[in-house]
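Note that chain A is present in both complexes that follow, paired respectively with chain B and with chain C.
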Partner chain A sequence: MNQMHEREREREDLLAFLDTIARPGIEPSSFSDDTNLIDEGAIDSLALIQIISYLEQKHGLDLQARGVDPNDLGSVSGIMGAIERARR
Partner chain B sequence: MPGPERHGWISPLNYSFESSNQENRNTLNIEADVGVMTEAVSGRRWDRKEFQRQVAARIGVYQAHGLRPGDRVLIHFGNRLEFFTELLAIWRLGGCAIPVDSRLTPFEVETLVQAAAARFSVIDDGTDPATVKSVPAANLLNALEPDKNKKSASTGGRHPKLDDDAVILFTSGSTGNPKGVVHTHRSLNARWTTLRQSLGLSDYARSLCLLPTHFGHGLICNCLFPWLSGCDLIIAPPFKPDLIMRLGALIDEYRISCMSSVPSIWSLALKTAKTPENDSLRRIHVGSAPLSESMWTRVQQWSGVRDVFNTYGITETGSWVAGTTGGEVIPESGLIGEPWGATIKILEIGEAADASLSAQECRAGTTGMVWLNTPALMKGYFKRQDLTDAAIQQGWFNTGDIGLLDDRGRLHLKGRERDEINKGGVKVFPADIDDVVEQYSLTSNVCTFGFEDDFYGENVGMALVLEDTSEPSIRGLHEWISSHLAQHKHPERWYLLDEIPSTSRGKVNRDSVMKACMKQTPLDLRALLRGGKSG
Partner chain C sequence: MIRSISQFHEHERLVAAAQTVAGRCILWAVATLLLVWHEVNALMFLSVTLVMLFPGWRRMLLSLAAIGMIVDVLMEKLDIDPGPALLTREALGALPWMTLTGSTTAVLAMILVAITVALHFEKLPAVIRRFPLIAFHSALWVALLLSYLPGFALLTMAPGMAWRLSYLFTQASRGKTAGTRFRDHLFYMVPVYGTTVTPIGKGLDYLSRHESRDSRSFAASQLAGIKLLLLAVIWTGVQGLMSVLVYGRGPEQLSAWVGGWSMDVPLLHRLVAGNEASPMLVAWASVYLDLIRATLSLAIWGHVIVGGLRLLGFNVFRNTYKPLLAESIVDFWSRYYFYFKELLVEFFFYPTYLRSTWAGLRTRLFLAVFAAAFFGNMYYHVLAHPETVLNFDLVGFWEQWGPRSIYSLLLALGIWISMLRQQASRARPGRTSIPVQLRRIAGVWTFYAVIRIWNVAAPETGMGERFEFFLSLFGI
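Right after this comes the complex of A and B.
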């Protein structure tokens, strides 16, 4: 139960963050979690670096050391998956 | 082999001369020695013979449509094999190519089409339909259209002359009065020749281009310099994050020996990409934006390459014009290094600077305005003699950059006086944004400026005085900007002011406006557009 609650809190936190880097007028939360937000034009491709910094600072991820599938960083579910894998 | 050149030590690189008679001495056999080119994503690969075949076919198409020497052709796509085929075919017919940023809005494209008075616009299968609509249908060609006449063969076209206009690169003014840098084959050849003399060719044997082909750095130096010299080129879509994030693997897969880049590419690569496992990489150029000492060192560590050149380039000088060659280099923020086929002068900063006056020249170690003299200097700005006269004095080009020469003759950059925002290596011109915003019916005044940004180095801010600051008015302006400006030019921060700060003489200084705005809270545009509070 706690894990589910924690995951939901992290998801909401992620969406709030994505909202700050999304193109004005486009809300990441209006897409499904599996939608690639870069392909949809909600997030500029160069903003990936901001997502990476978020993961480093918020979740302590070192993507250079672990390696990352670029496609994982385009969607909410992909980013959540990267966070969960890093925790294991 | 090249004979003696009119301009002394500058001889065309490896463009072969057809004969020794005077007419042909000034003509170029362009695709005589191109290397193999491969698309990194699709894996498509064309060698010299295939390029010759493709170019001949496109010459046939252009001839069928009546392209004449001196005609200008807009190319609305880039970073693929067909782009280079178009370029060579246009050159072979004596035409001038104008590569266009495919991200521009239809409004910006229309502005360029009118300003360039181009004979044709070439599109591909990826061109935005809205862009296609903004081009007169009679002038539209499709690069993927087959040669229906089959008349071309390899005899089609002529070889371009050295003083033919080769490319026009529009650097600013996409919303109003476009500023196009005109390079002739002579100036381009001078750039490539001087690069070869300064840098050699061996390290460029397999070059990787991750930069767009519509601007000087990507086109003239990263792509054409090695490829027209017979080196292989691996071409990728520009700034594609998934490629950058697997940069090490890409380098290994294509045995890349050299790559050029901008700091924002490295920001992403250093955080995400695994290092190359092989040792094919021998040289890295980083340019178009300031390279910090820290990033410089980290790029060296990541790549295992000592020759990481902080490269100084300006479109007007055929891009790469100086860099950190010349022995052991200790990374240092702002250090550029020695000129490549150019002479550098540092002149006292002043409105009436004259490069020919040695009295104005700064001593070593003293900061001033950077002036360049190079045989690769542009012919001028397209139909803008006023701008050309302002920028060039007796062959010397005023870069608008501030710097110094140290006691070893190495250039150090200290700042910039020209009016541009360097967003991650992509130049954004505040006047272009002001032009658009001023035309919005409820704008009273606007001043766009650059501000420091952790990710892009600089980003776009906008001080704004509106007649009506209600939500619908701001929404309307956002829509206006979205339909008129390419996305990378959109201001990231909006500051609503009662008036734009000006000097006692009534002039608006963008830097002062930026400083005034940084003390204030920007509008929360995202919240406002969501219908929430605007902050």
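Right after this comes the complex of A and C.
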């Protein structure tokens, strides 16, 4: 129960963060979690570094060491998956 | 109303109509007209027709078209021109026919080897698996050196596929090629929609994500393709008008239509080369207008290729998307030449950023931006024209690439500063007024227009002349 609550809180934090890096007038929360926000034009591929920094600073995730493909961080579910894998 | 017209390809009723037999016939007729207007090769026209008839065989058909493209490219390289005749042994003559079939087989074998190596990535030595791109590009330069040996001249075609193969090796290193076959990769190696060095449409991973899976998405993709081809027609008209009205060049009919009137602004490359002189204000006008001219050319070129890709059922991003409305340097870079920027980001920016965790955020950003916009930018162009490197011609190398190195340096600096500013402004969001927006757009235009002085194609024009022209803009 606690884990689910924690996951939901992380998801909300993430959506709030994505709102700050999305193109003006586009709300990442209006897309489904599996939608690739880069493919939809909501964020630019260069903005991915902001997501990488977010994951490094907030979750201590080293993408290079874990061999994560930056392109997989284009969707909410992709980012949440990376966070969960980092915890294991 | 305007949005409704410009976004016609998103209207559900139109998408539904485009799936009916009559709708598909009309779609095919319009697509054909536009492809003919843009003078697209016959193989592309044939591919669109066949893919519309047999969408389930898309990749197979496009792989066959890729073989056709190899033959086409080789005929040009080998100077074989059969005219309207078929490519038979009788029509071409025994020797040219044997040369063409032998070369085609050799190129296909080369591609087969590269793809097979990538598809068996996990069996490669550990050092190659750790640095797949460095290993691949090292092999590429060895191949280019070998091309000087008699009988190996075909290896000069390798740079044309370098970045498509780079996408394949990157995908393989991330374990994303499982379950794919040779034909899944052949079709984008020598693509019928555009055999450019820059991989428009990137690699299989990206193309697959945008590939039509049903009749609805195929119709929507084709309508989006038609929209781009129509836009290319409009921009071609604007470009023609601009040539006539601004530069006093261009189609004679158009010139007669405007009564021969023109502002007679000199072309930037002629001013930079010192072939023409003009007052300071006219020189500034030429600098700005050349940015518009270059943007139009790139947009037309990219729209035709991406439009073709969409007609084939790959609804990918366009290459150029309203860059002249960008409010920051980094935004312009993303919108101007999308697939070139994506290449630099994928192969230079991300790897550098991810490997430099030891540095602070600003330093990491600096290193990553310079790796992409400076080093990657230079490397891409040198690889496309490697002659001075292969001949160990240092003087020739500096003469050819010196001006571009200044351009790339300024571009990298501009992007870095722009990214830092963008990050700072995100911390204080708010609406910006129209005058502020206009001021930003003007700033972006000025930056890109001025750095073009070191990038504009002006053969035999060195650093000295370019700096001289730059200073003359300020009366120095």
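As a convention for this text, the second predicted complex is superposed on the first by the 87 of 88 C-alpha atoms of A that agree within 3 Å, B and C clash if a C-alpha of one lies under 4 Å from a C-alpha of the other, contacts with A are read in each partner's own complex, and residues count from 1 in each chain.
Just so we're on the same page, a residue touches a chain if its C-beta (ideal position, glycine included) is under 8 Å from a C-beta of that chain, and two chains touch if they have at least 3 such contacts.
Here the structure is a predicted model, which means the values were calculated and not measured.
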- Does chain B (first) or chain C (second) touch A:36, or do both, or does neither? second
- What is the contact status of A:86 with respect to chain B (first) and chain C (second): first, second, both, or neither? neither
- Item | Partner chain(s) touched by A:25 [first = chain B, second = chain C, both, neither] | first
- Touch check for A:15: first (chain B), second (chain C), both, or neither? neither
- Message: For A:52, using the defined touch cut-off, is the partner it touches chain B, chain C, both, or neither? Pick first, second, both or neither.
- Response: both
- First (chain B), second (chain C), both or neither: which does A:44 touch? both
- Doubly contacted residues of chain A, that is, touched by chain B and again by chain C: 20, 44-46, 48-50, 52-53, 56, 63-64, 67, 70-71
- Note on the structure: Residue set of chain B touching chain A in the complex reads 239-242, 245-246, 264, 267-268, 270-274, 424, 454-456, 478, 482, 487-488, 490, 525-526, 529-530
- Message: For a test of understanding, state which residues of chain C touch chain A in their complex under the given definition.
- Response: 174, 176, 205, 209-210, 317, 330-331, 334, 341-342, 345-346, 349-350, 353-355, 357, 361, 365, 368, 419, 423, 426, 429
- Message: Quick check: in the complex, which residue numbers of chain A touch chain B?
- Response: 19-20, 22-25, 27, 38, 44-50, 52-53, 56, 63-64, 67-68, 70-71, 73
- Would you pull the chain A residues touching chain C in the complex into a rising list? 20-21, 36, 39, 41, 44-46, 48-50, 52-53, 56, 62-64, 67, 69-71
